[in-house]
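Letters A, B and C name the chains as they come in the text, with residue numbers starting at 1 for each one.
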Amino acid sequence: MRFRFTPVDTTFYDLFAKSASILVDGARLFAEMLAADADRTASARLMKDAEHRADEATHEIIRRVNSTFVTPFDREDIYRLAAGLDDVMDYMEAAVDSIVLYELDQLPEGLEQQVEVLQRAAALTAEAMPRLRTMRDLEEYWIEVNRLENLGDQIHRQMLAKLFSGAYDALTVLKVKDVIELVELAVDAFEKVANTVEQIAVKES
Amino acid sequence: MRFRFTPVDTTFYDLFAKSASILVDGARLFAEMLAADADRTASARLMKDAEHRADEATHEIIRRVNSTFVTPFDREDIYRLAAGLDDVMDYMEAAVDSIVLYELDQLPEGLEQQVEVLQRAAALTAEAMPRLRTMRDLEEYWIEVNRLENLGDQIHRQMLAKLFSGAYDALTVLKVKDVIELVELAVDAFEKVANTVEQIAVKES
Amino acid sequence: MRFRFTPVDTTFYDLFAKSASILVDGARLFAEMLAADADRTASARLMKDAEHRADEATHEIIRRVNSTFVTPFDREDIYRLAAGLDDVMDYMEAAVDSIVLYELDQLPEGLEQQVEVLQRAAALTAEAMPRLRTMRDLEEYWIEVNRLENLGDQIHRQMLAKLFSGAYDALTVLKVKDVIELVELAVDAFEKVANTVEQIAVKES
């Protein structure tokens, strides 16, 4: 680890932790929405609120980059990390909104498992953010998120195979495909965040 | 603002302004194509020409980065901004081409409004490019483009909901979905350009 | 060309060459799978193996960036190039897997030609990687890959037009569209690799 003699604004770690904690909320809201008796429209509204909070958290990070002389790591990496966390939320919100928008009655088998992947990735990400301060013990985080992304990819392909098995009409296929692809994009976005953290750690080590 | 004592090649501002002005042309061509009596094949051809001009403008920027010793901002940011402007054109051209390719007779309600969003984003971008010289008064530009992207997202979702309402056959849904997604990607690409400008301004301020 | 007085770890060139050679394998496997008498499930398995080898090659590059003091070019560019090569393989593998997953009996006319584009782009990329050492004679490579991407785009649009001509049922359209879009993404990913090489060459020249 590099020694630093310049005082560094450490608020960034808190801001990233906050941003990731909103993803934990979002993934939980998504999971709750899948319950048989859930009020989906209400869930979508709560999700939209979470997305707004994520947007604000992102802008707070950008504003602070703007007004801070010495940042704990490259400005561009701070920007990329903030944008990456924001992307996860955007995809989760879009997935939830699509379910309501398309009035999907039957959700595909496998979706619950995929949203569990999102919840685990969100938890790992939220736990990792404070470790950016020391840049220690981050490797297990990005390895595990990469493993989750592989798992998510498998679940996604199984859902696609079932969807195209001939049991569903074309419009249903189109709607469900849209939803599960947005979920897959959210899983991928978690992996991109982990890759960004890996890059930062590589540079700073 | 930073004082600069090294002579800086200022041609870049003109090149970015030129590149953005081609997007204004492209968005206008798209709007004209939606008129009831438009010759769509002719519009698609003009759009293809505009895309070629955009390609040339992009390559001119890359060549100049290559041959210039002191650039007004990071080489990588110049590259990213040029590529971002190019992306907008690629998506607009692909959308227009798809309408012709799929022989879409009926265009979805909402598309006109969405192309208006493109026209406004293009105008804002073209007006902002010369302000890169002083890095002043850029904030209103990126805030407004972000607002337009939110509006575009809403219009897009309304079009999707209507498309999946059951009133259209599956092939029509597929074709229209392809077109409106390309338009949505063009709107997103404008936002990415604005985000790049924000990043550049943050670094240089 | 810049003179370098610091000993530079040159293993990177070998690692990039290795990574690109796996893409040559992958594109060949894809082409073989399209033969009338091919065992597609076996091809998909070989492709999955190739993807694993590509993953390992990528991680080897990242690990070496991590443990090397002086890299031949920017760490971030090494990372981006490695990730770009990896993306090509991911899309090719996903395309091959989709063909098996969807049990597609009839493959669209034009796909063979598009896989030839992949094979040519892979060959060009593999030949270019060792030239990163001297940064010489790279321009023809990225120009040619850009040309191939334009060709691939045309082939893709022709396949789309045929697909939507009304001769196929909606489920078939959806399946085939998925496959050819993954192939198109693989072609695009080759272009992104070429653009990254161009950026590196611009910086280092």
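Everything below uses one rule, namely that contacts are C-beta pairs under 8 Å (C-beta built on N, C-alpha and C of every residue); 3 or more make two chains touch, one makes a residue touch a chain.
Keep in mind that this is a model prediction, so the values were computed, not measured.
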Touching both chain A and chain B we find C
Expressed as a multiple of 5 degrees between 0 and 180, the CA superposition of chain B onto chain C rotates by 120
Between the Cα centroids of chain A and chain C the separation in whole angstrom comes to 27
Listed in rising order, chain A residues that touch 2 or more other chains are 170, 174
The answer for chain B against chain A in the complex is residues 157, 160-161, 164, 166, 170, 173-174, 177, 195, 198-199, 202-203, 205
In the complex, chain C touches chain A at residues 62, 65-66, 75-76, 79, 83, 97-98, 101-102, 169-171, 174-175
